[in-house]
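Both complexes below contain chain A, partnered by chain B and then by chain C.
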Partner chain A sequence: MLRLPDFTYIRPRTLAEAAGVLQELGAEAMAVAGGTDVYPKMKRGQFTPRYLVSLSRVEEHRGIRREEARGLWIGAGETLTAVAGHATVRREFPALAAAAGLVSTLQLRNAGTIGGNLFVDTRCNYYDQSFFWRQAVGFCLKKDGDICLVAPKSRVCLAICSSDTAPVLSSLGAEAVLVSARGNRRVPLETLYRDDGIDYLAKRPDELLQGVWIPESSFGWRNVYLKLRRRGSFDFPVLGVAAALRLGAAGACEAVRIVLTAVASAPKVVEDAPRVLCGKPVDAAAIEEAAELAMRVSHPLDNADMDYWYRKRMTRVYVTRALRQLAEVGATTAGPDAAPV
Partner chain B sequence: MSTSETITGKRLMRLRVNGEPHEVAGHVTHSLLEVLREEMALTGTKHGCELGECGTCTVLVDGEPVYSCLMLAVEAEGREITTVEGLALQGRPHPLQRAFSDLGAAQCGYCIPGILLAAKALLDKQPNPARADIEEALSGNLCRCTGYTKIIEAVEQAVREVQVQEGTRA
Partner chain C sequence: MADDYRVIGTPVIRPDGAEMISGQAIYAPDVTQPGMLWGKILRSPLPHARVRSIDVEKARALPGVTVISARDVPDRRYGYAIEDEQIFAVEKVLYAGEPVAAAAAPDEERALEALSLIEVEYEELPAVFTAAEAARDGAPLVHEELGPARSVYLASWNPVHGTNIIHQASHHRGDVDAALARADYVFEDTFHASQIHHGYMEPHATLAAARGNEVTVWTCSQEVFQLRTLLAGLFAIPESRMRVINTKVGGGFGGKIEPRLEPVAVALSMHSRKPVKIVMTRAEEFTAAAGSTPATVRVKTGVMKDGTLAARDIDFLWDTGAHAEGLPPSNRAMKDGNGPYRVHDLRISSTLVYTNKMRGTQLRGLGVPEGAFAIESQMDMIAERLGMDPLELRLKNILQEGDINSIDDVVQSIGLQECLESVAREIGWDEPKPPNVGRGLAVIAKSPTTHSSISSAYVQFNEDGSAQVLVGASEIGQGMSVVMCQIAAEVLGLPMEQVGIASADTGTTPYDRGTFSSRVTFYTGMAVKIAAEDARNQLLDVASRMVEIPRDDLGVAEEQVVSSAHPEFSLTFREVLERAHTSERPILGRGSYGGKGDYPTLPHKVQRKEYVPGWKYAAQAVEAEIDEETGIVRVRRIASAHDVGKSLNPTSVDGQIIGGVVMGLGYALHERLQFDQGRIINPSFMDYKIPSSQEIPEITPIAVEVPLPEGPFGAKGIGELAIVGIAPAIGNAIHDALGVRLRDLPLFPERVLDAMESQRKGKP
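For the complex of A and B:
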């Protein structure tokens, strides 16, 4: 039996209390909600907290509700199953319903939370292994070692952002509400990510995610999420494309956001996409140009399933498919395509 | 005043398993899987990868399938847990168990307790699932022997059997 190492379990009733405990105990404490990322990593010695601060008895990070003029609130403690199945999410933000519903498996989504998926640990073939494997191969920068085994000259860890929901919520302009003993703050979700496989979150360790707001202004945007992986379940993304598009009355593109996952340590915004897509109808030529730009900023490395060059090329294919779907441009027009995997 | 609860080492857990209340001394670091198998001798729940990557430890918690290797037993207190030992109805095999047996849907059998429970959770919610629904409901359970065809056929047979039974009763 693969057992958890010893720890002290602390169950606060409020987020402020949990944040206070985290601040007091410092680096030896770790917050846990659904536990589907934390427990496997503790069993493999990747996470080694002495104290686990459970959020299971906290109520204030639950609930999914629409508030007029404010948008849609999604509590960080809601399970991925609850998010994927919520009627408003499914109707207004099918990309989020899809992303949440494509995380791992049904059993995992019944326990794992949206907050956990947003802040899920970055992944790498050299890190997500048993203790014995890592010991035999040699430890890496991210845990217990001093060298990056993907790129030995790299001074930063290159583990990849593996969240399905983070690119979608970033593409929808979501804002995160963080709670700590020093007070609450509300920030654009995308500003919470850093392109560093170890220090991948721009938040203090004692800050807890209460939930996210999808702003009112994001209602009415067309949105989609496409995920590449080897198997239809279990697997993390080796590429994810979230696209959101607002079309004007005349069919011209007014605004667009494309965010990639699993191509860097943070979700990757395709900054140039609006330049080539906005202000005109979305046609095959504009889609091709945007997809090409997305592929150029997509830098997968040889540290996940499937060849890195294939994942890079598939960025163009998936962005093309996503935009065609949003703009209802037929697949018979010119542009790259590839057989589904 | 702090209302945090701090738990270390062993504690008396009150678990409701297969409709019956149990008091069991379990370690706070132990998963529901470990407590079911080692403290309660309910070894029908199997341990596979113990990392949430295979599905063989699936149990139902409040009717929903979860991986018992990834849930602490202390988090299962106060909730309704169903294991494969709780599937039989009045001493008779559940229609799913009968269909798996009749069709030879188990080969080595190790994944079957988890698959039976995942299938039960589906049937409880959706009495007449399409094949795609069955495939989706079982996609969190790996089977390395059968290739899944017989497993899916067995679930379909169980669906028909339940419908016949309910038709007779009505």
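For the complex of A and C:
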């Protein structure tokens, strides 16, 4: 059994207080919610905080509620089980229910939060290892070392975004509410991600997520999430496809967003999707074109399970399937998992 | 016949089941002793390097800490087959993970701190990571000198000195080349089985206590007597002063046969004079315990137009890693490599090669899964080419009663055809299939263990008339303790609650070769049966003297001594035992039973056409659906039929079959130890993927009962076979569905797609 190193545990009662503590303690402090990412990484020496600022006593980042005209509020401190089981989420945003419900295992979903899932660390075969293992290979760029073991010539870390819910909430145009000692801000969730395996979040370390709004305007969009991984449980995504689209009365596509996970250090928005899909019915030809585009911008590397060429090719298959589902049956419940169920 | 038994053949739930699932059972990591220290092992970070120096002074300066390295332990080599290992690396480290030093301290943190203060200077050496590379001329040598071999293996040991080839074996019968030349078709294919891990839930854990001039070791082991002999020899103390006590074992699967932590724990305890406990982390399990011994298998088969197998030439290349624990599987291939087929002209050769990686060892099936994947895949390739049904091709060629098998044993008591027909029926072999659904079959045989496979047992009557079974075999979760109690209960006329068992403690239980190779039900079971009969006879002797009725007129029933000749009389067991314990002597029955025969190349295999009891047979069938666009294989149903001779406890038989099938599923579809420059890059249950409940399909276990006259109540073993045929059966189902053939395990979706692509491009 690996053991947790010593640390000081701080449990503030408000987000502002927590943010203040984080700002004061600086780089040696870290926020922890469910701890399902933080604690295993501390055991392996990937995270080495001296102070953990726990959000477990904070109340203001909880709750899932529908507010007329404002949309759906999801508190960052809600567990993945709560999100996946929430009636409005299931009815309106089956993609989110699916993504949250497909994270790891039930035990982890009961502990892990949606906030922690949105900010979950990027992953890489050479980084997600014990201290001893990483020491033996001389460490890597992301922690304690100075070269990238996936692509030794790379100056940036290529660890991949492994969140299941980030692509879905991005595809639904969600907005994040951040709290810090310097005040609050509300930004499109998508702008919080950077394509850098180390600095993968475009926010200051002392900024805490209170929750996300799925705006009113996203209600009525058809949405789906498909996840590729080796097994039907436990495994992180090695490809995730979130797709959301709004169909007009005549059956033409009015708006569409396709966001991929696990193919880059940030959720990857397929920018050109609207160009080939909007203004016409979602037919086979349009789907094929969009899927081809998605595959082109999908750049998996040899640092996760399943061969990278395969994950790239599956981007086309999964985008095709996602769009087909949206075109045919509209808003579906949890999309079929790639792994055998 | 089944109706004649009271206990045998009735489903019995393990009495210790509740304790196990509620977390109360004591496994090796749970054992403690007063004043105990925690041990930790410093392991090599490099796959191959000269050890220039080890400086332990700073670590030793920590208070309460004991630190040892090669200098502090006996300079002796050990190993069950080949003595090619020392407690700590001496001049070189041979794989990333090899023990270099160890520390014991009052808590794990301090022990780890001590390790971090040990300074080791290495000089990295060129390394070899694949068997093919390692077998080449001029490859860097893992061991500069080969051997020595332990005496039981000496006669057949055949190394190539000056190379990495630690052992070569071959078995040749008839004229293979001429028979191949005469054949209508010749098939030649190469298959590759990957290295998997045993994946037991309980990690290795050992507590050693050197007190006075005695050493006691609590551990989780499949073979406590072998272990005792090895430890006693290593530390040069008599076996009478070395006691190995088995705890409950949370799964072995072959991974807990050979010593792992025990030598280090004993050495630390001898130095600190305190009990020392070591528990492996999961990462250590994956990088430094062992995996299976993977093989590349080339099969050349000659076939006649009517489907008769004419000749076979099979070549195994095994990668044993840094230590030659792969020797038993590589030898086994001589016996089992051809599968359960009638092939007269036969050549099997097996080469075992060292590489700079964690060792390969025995794993459920012991060399049979690697060969079966090749043979059973190729059988379907042959069927396709001949336009024959794969079921028909197998029925035509499988061994039948009275045949002579691959190693000249006379085949008797074989239920293979029945197994094959029943799985075909169960899976709906001839029924129509939806698109992209395929079905596949495999047949399997495994040879019995050999002449050194000896077991013994005591069965003792307690004063109240209940009985105690003592056996040296290990309960490793397979349920042997229930079956041994059933056997004794049946013989003694006792209900199950009246029979207790103690096992695997070299200080109290009688000798047993151990738990491996599906041998315990047969050999230990026979020893228990004989011991129970002895105890019963002694009981009847006492009763006979008490009532002056000849012993032959007495029998046991419902805890009483009765006589059909004298229905008016009966004595309770308690009455007889009171007499035994007060005015005669306590009743202690004794039994032992041993194996027969040997590998074709070993001296004990002298006669041709002898009958060696204990061959095991099985057939498996799967139905799978393959997603053409993703290559993802979803297994829908599995049927697994096993000729168990007699199902002593149907609950255990089902459990063994289902467990084995699930393990086979992982081996087929998901599991492999993945290496990067000799380092395992998936050393956790996150990244080493055993099946989750979602991957497990409907499994139908089937017990076929063709009694083995030599076995206890006709029983044969069951432990291993269910893992063996799943991979080829799924491979065959994929072919059935899509027409593509995969030759490498695991059957990853990437590989399915790759094969489909090659097929489209017209490549083979």
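Rule of thumb we're sticking to: the second predicted complex is superposed on the first by the 327 of 341 C-alpha atoms of A that agree within 3 Å, B and C clash if a C-alpha of one lies under 4 Å from a C-alpha of the other, contacts with A are read in each partner's own complex, and residues count from 1 in each chain.
Here is the rule we go by: a residue touches a chain if its C-beta (ideal position, glycine included) is under 8 Å from a C-beta of that chain, and two chains touch if they have at least 3 such contacts.
What you see is a predicted model; the values in this text were computed from it and never measured.
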{"item": "Touching partner for A:V317 - first (chain B), second (chain C), both, neither", "value": "second"}
{"item": "First (chain B), second (chain C), both or neither touched by A:E17", "value": "first"}
{"item": "Contacts of A:A249 with chain B and chain C, given as first, second, both or neither", "value": "neither"}
{"item": "First, second, both or neither for A:M306, with chain B first and chain C second", "value": "second"}
{"item": "Which superposed partner A:S56 touches (first chain B, second chain C, both, neither)", "value": "first"}
{"item": "Which superposed partner A:Y39 touches (first chain B, second chain C, both, neither)", "value": "first"}
{"item": "Touching partner for A:N110 - first (chain B), second (chain C), both, neither", "value": "first"}
{"item": "Which superposed partner A:R3 touches (first chain B, second chain C, both, neither)", "value": "both"}
{"item": "First, second, both or neither for A:A27, with chain B first and chain C second", "value": "neither"}
{"item": "Common ground on chain A, meaning residues reached by chain C in one complex and by chain B in the other", "value": "1-3, 232-234"}
{"item": "Contacting residues of chain A [partner chain B, same complex]", "value": "1-14, 17-18, 21, 35-36, 39-40, 43-44, 54, 56-57, 81, 104-108, 110-111, 232-234"}
{"item": "Contact set on chain B toward chain A in their complex", "value": "2-8, 28-31, 34, 47, 49-53, 55, 58, 61, 64-67, 69-72, 74-75, 118, 136-137, 139-140, 142"}
{"item": "Residues of chain A defined as touching chain C within the complex", "value": "1-3, 125-126, 128-130, 132-133, 135-137, 228, 230-235, 305-307, 309-310, 313-314, 317, 338-341"}
{"item": "Partner chain A, residues of chain C touching it in the complex", "value": "43, 45-46, 96, 108-109, 279, 281-283, 287, 629-630, 632-635, 670, 679, 681-683, 686-687, 689, 691-695, 748-750, 753"}
